[in-house]
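Quick one: structure below, then a few questions.
Read from first to last, the chains carry the letters A, B and C; within each, the first residue is number 1.
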Amino acid sequence: MASSRGFAGEISKATQRCLACHRAATPGIVADWEGSLHAGTSPREALAKPRDKSRLSSLQIPQSLSGTVVGCSECHTMNADHHQDTFDHNGFKIHVVISPPDCAVCHLTETDEYSGNIMSRAYGNLNDNPVYHNLVETSIGVQKYENGQLSVEKPDSLTGTDACNYCHGTIVEFEGVEKKQTPFGMMNLAKHSNWPNQGVGRINPDKSMGSCTSCHPRHQFSIEMARKPATCSECHKGPDVPAYPVYLVSKHGNIYSSMDKGWDFKAVPWVVGRDFNAPTCAVSHASQIRTERGEILAERTHQFNDRLPWRIFGLIYAHPHPLDPDTTKIRNKAGLPLPTELTGEPAFSYLITPQEQQKRLAIMKSVCSGCHSQQWIRGHFERFENTIKTTNDSTLTATNIMQDAWSKGLAKGVGQNDSLFNEALEKKWVESWLFYANSIRFSSAMMGADYGVFANGRWYMNKNIAEMADWLKVLK
Amino acid sequence: MASSRGFAGEISKATQRCLACHRAATPGIVADWEGSLHAGTSPREALAKPRDKSRLSSLQIPQSLSGTVVGCSECHTMNADHHQDTFDHNGFKIHVVISPPDCAVCHLTETDEYSGNIMSRAYGNLNDNPVYHNLVETSIGVQKYENGQLSVEKPDSLTGTDACNYCHGTIVEFEGVEKKQTPFGMMNLAKHSNWPNQGVGRINPDKSMGSCTSCHPRHQFSIEMARKPATCSECHKGPDVPAYPVYLVSKHGNIYSSMDKGWDFKAVPWVVGRDFNAPTCAVSHASQIRTERGEILAERTHQFNDRLPWRIFGLIYAHPHPLDPDTTKIRNKAGLPLPTELTGEPAFSYLITPQEQQKRLAIMKSVCSGCHSQQWIRGHFERFENTIKTTNDSTLTATNIMQDAWSKGLAKGVGQNDSLFNEALEKKWVESWLFYANSIRFSSAMMGADYGVFANGRWYMNKNIAEMADWLKVLK
Amino acid sequence: MASSRGFAGEISKATQRCLACHRAATPGIVADWEGSLHAGTSPREALAKPRDKSRLSSLQIPQSLSGTVVGCSECHTMNADHHQDTFDHNGFKIHVVISPPDCAVCHLTETDEYSGNIMSRAYGNLNDNPVYHNLVETSIGVQKYENGQLSVEKPDSLTGTDACNYCHGTIVEFEGVEKKQTPFGMMNLAKHSNWPNQGVGRINPDKSMGSCTSCHPRHQFSIEMARKPATCSECHKGPDVPAYPVYLVSKHGNIYSSMDKGWDFKAVPWVVGRDFNAPTCAVSHASQIRTERGEILAERTHQFNDRLPWRIFGLIYAHPHPLDPDTTKIRNKAGLPLPTELTGEPAFSYLITPQEQQKRLAIMKSVCSGCHSQQWIRGHFERFENTIKTTNDSTLTATNIMQDAWSKGLAKGVGQNDSLFNEALEKKWVESWLFYANSIRFSSAMMGADYGVFANGRWYMNKNIAEMADWLKVLK
């Protein structure tokens, strides 16, 4: 917080003007910023640090920015010409929605990496894929009951932003300026559609994709927060993607929960054993990991699937990661925009090769090697790959029941030109892969104990399949 | 803890007598008390503080109390004449169960506000409303299976105290004194019915309602604890009222979970940005919130619905808050003690007006304005109000299916003089509003991500309704 | 962490040799160890401490060990002759898998107590009991669907280690040595079956049972961690054994969550009020609990059921604890290896007596007496025992429905020489006792609020039974 640190750098005149009102108008975020590294360091000072301690990845910073700390004006007037939503606010040409290209001025590598990350495409990958989009509409639309029949209404846009797109991101567009009376006099204020939003694949008014504040929340932009698992939990906690609850119940998560008070979440570089004693999400998927002797176990990355050979959630079957972050391009043999057939066979030409999978796995294993022997690591991943196979087998069984229902007319699917997801039996089928198969895989990946068995694990998978089979008998 | 602070005030002779035995008899709570503000401050000292730093709200304290710290004897002999359970214990006229009127001697405003809070009526509102009471009995009574038929037994009183009334409160009555041999010799000890209990609507032996220790647990009575979300979680965590899990997964909750180590939970007044960087339950619903410049964004209240325009859980439909904390008085047009019709239409004359709703919303928005722009806040609440509407629509669909079942005799309801809640199909109907509609609303209110979709959100709502419709077909 | 403490003791020459490579090979665990008490104290120093402050329970330590700190070599060459997996590693006869007899050299009492604990038999009790083993196989095996019929495949051994045996323990056997090229040259490395594993009932290569690292994770072996509830949560969190989530939502758990920053988790002895203000799992079930005056409220135990009169989870009905930790010996009157009949009647001759139950309850009550009055404690346990009775009654109802189905041929059970657990209706029956009855009991035992009602509590119990009864009608 502000009180705990001084100001090493000079605040620009423009930012001083912002602060003059905003200390009163929005004191909380001003205090946030005052406690941030942005408020205490100028880019020039940051550039002067050794590369491995610097938080800047850009090697050159515009002269105009480098001498003062990074304040309100520095970011909110950045790239003014590229922002559709630039408007005149009390004499400044500002924009409300900071986009990755703004951050890239100082943090180029991170922004580049992130754009190769499937998360940056989270909006389009969900909404522009007709199969997933139908899953969305049948899941969040309001159903109506008339004459004994159910139908589902198209969800309105406020529901979209309140539901799936909260995490996936919304399309934020500028809707113009409105004049409002404020405690500081009459003022121009911006209007945006689908705002607020900080989803990982947000489409910004400058057409860029992503929102750095998903994980680096305003206005502290703290590396400590981004390294803590609670931050990831915001989107990775529900039954569809239970990474966080599985982590918490794992050995690693328990060491973190019990012992984190002595850890240093701010250290750059981040040293295993010295700064932390068990992996967090960031250790496994993002951070540069060093040993005390200076060996680099894994390079830093903001393309978070760089260490992931498999995609284990969200789709009907687990499969090698897609080649391209834009997954709307994928077509399986049946012509559907899915990375596997309904039988589980991968659409190989759209997915990374076994060689690339091995390369990614090798980086992950290198992170593990900070504490574990080769035998240990090999044993762990052998189990995980077996679990990918057995969960895909169980999903195939659920799909076979569903296909039986579709083929016998006991449910209406593609053949009847109907949604795959709108009937009760279909919703049970969805849960078999969207909730249970993936919980089991997360549990296997992180040693998450009961998530592999009773906590949405194999028990629920088998019960769900048994109920699907029974229900099919009743429908007959 | 005791070791971390000295004793500024004098301990009364009576309390010294208590401590002489109780340091041995119940050392844990003595240590709790020794670490409390009660043990270190006399009311006289507290009264001398500036009003905005004082924890006392009463302006006058009885002379006899004001000079010594607040110890065992001060509270447990307070208002002796009004306590049905006053008894002679080792020469003192004490009572075991401290009630809000005891606390009111020093904390009058808080006690008054709390009595206007719907929570203070939690016992009667649940148990004296025949509709809710039937929901209780069918939910917690033991079912019996005979000749292919199920019936449900009336729950015994121990089950009541162990279940719903744990949070809602029990009726605690004095059952007399028993003589017992103790390590300190033969002694009179009190007996109470339905004890222990610290439910928010506890009916005390002096007929008062509420238990301050629900949120301020003995014997630290710490403001720090009352301000932490875990305290609220005790009653607000399950699928019927998932406020706490939704909060944890929200952006605000993640900032709290990741960064709270630097926050000051004891500061009075409590300053946004200086003492905390994101709202907790107390910030949003209870505490006085100040800016560093001294502006008051919201006044302190112990009537926790003072900032809430809508009641979003526990009932069939979301609706404006009841006018009176005693909700047993409410009658809808159909004559049922419910705040809406079965169609969702509010029983307006028992509910707060749109003007009062706007007034409450304005206070909540003022809290948000500590960090957020007007555009942001408006966008957030627009979504929330839309979600109140869509979840009510989904609940109506579930209710229409249920009405269809009742009208066709496929389930037995009011028309058949039967419980609305005892059959399998009816229990699915209950889940549609008691679990799913409210999870979606909490998620919308707090930006709780997956609770709006997969974690008991819209996915479950739609699946549940689809299964209800299917089941109705089977019952035919 | 390493940086926070110096080295009081001398490191043996052998351990120095290990460290020379392992600081580079596995720096994380070396740093863990450097921060441990093992790295800072020699057994001789530990023996010289007052008994109540010493962490050693063995009164004699081999001369060869006593003068240096407890490092790599001290444990990994211990009892070399008894370890099937001893092999030559860079000139040392080491074994990878440390077993309880290794730890017993210094920690004899704890190891002895643990061997009397039912947890030490967790592997055999699950896998060598044909009824439970069938529950395992039907729960985690992959199901196949052919010609409208489901069948379940026997789970492969990797699935076993990834699921139930992750917590229960695996059979770890030595599979020989392999020569591998490493950064330190060609080296002998061990191979083990079913490795890694740290399950509580692990069968070690020396045939001993248990793994101390389940709760004292490598290589800090921190008493702080073992005393924190997150450690227990690794195995006690799912719907089958929700001890941890129930604790978190209890008053005690909330005090812990909110106030633990000021607690001392390392103090030996552990003093109520001074070191902690509310019970954790360790306080209730394991640690020696003292008052500040030196009174011992409960003796330390590693037989964690020493204070437990009842077994409340995992079996069809709650019942007095088994006499012998090896529960495979139990036979009920029907000849099944179950501690009760299918009607709930206990198999008394295999279970502890009412006298032993009272003795255990008295110890638990003594822990409570650190803070609570006798009236309070009595009221609490009266409720708990009533809840054991009512949950057993509800389980009997579910079982009666199931028996009706079996007797009428609507499901296939023992009479049809079929599994009790493989059909959809049977799986609902299992949930009534494996998920719901025990959640209610945990809630009652710990005042876990909504776990007794809506969070897998009485609501789900009653709904599940109502659905079973309805489903039976449909099957007819």
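Observations on the structure shown:
We take it that a residue touches a chain if its C-beta (ideal position, glycine included) is under 8 Å from a C-beta of that chain, and two chains touch if they have at least 3 such contacts.
Since the structure is predicted, the reported quantities are computational estimates derived from the model, not experimental observations.
With chains as nodes and touching pairs as edges, the resulting graph is complete, every pair of chains being joined. Under half of the residue numbers found at the chain A and chain B interface occur in both copies, marking it as a different-residue contact.
Rotation angle for the C-alpha superposition of chain A on chain C: 120 degrees, rounded in steps of 5. If you average the CA atoms of chain A and of chain B, the two centres end up 34 Å from each other.
With touch defined as above, residues shared between interfaces to two or more other chains in chain B number as follows: 261, 474.
Chain contact summary for the complex, chain A toward chain B: residues 1-4, 23-24, 26-32, 34-35, 96, 138-145, 148-150, 152, 156, 158-159, 161-164, 166-167, 180, 189-192, 195-196, 198, 217, 220, 222, 224-225, 228, 230-231, 233-235, 237-241, 261, 422-425, 427-428, 431, 434-435, 474.
Residue ranges of chain B in contact with chain A, taken from their complex: 248-251, 253-255, 257-259, 261-263, 272-274, 277, 291-293, 295, 369-376, 379-380, 382-384, 386-387, 390, 393-394, 397, 400-401, 404, 443-444, 447, 449-455, 457-459, 462-463, 465-467, 469-470, 472-474.
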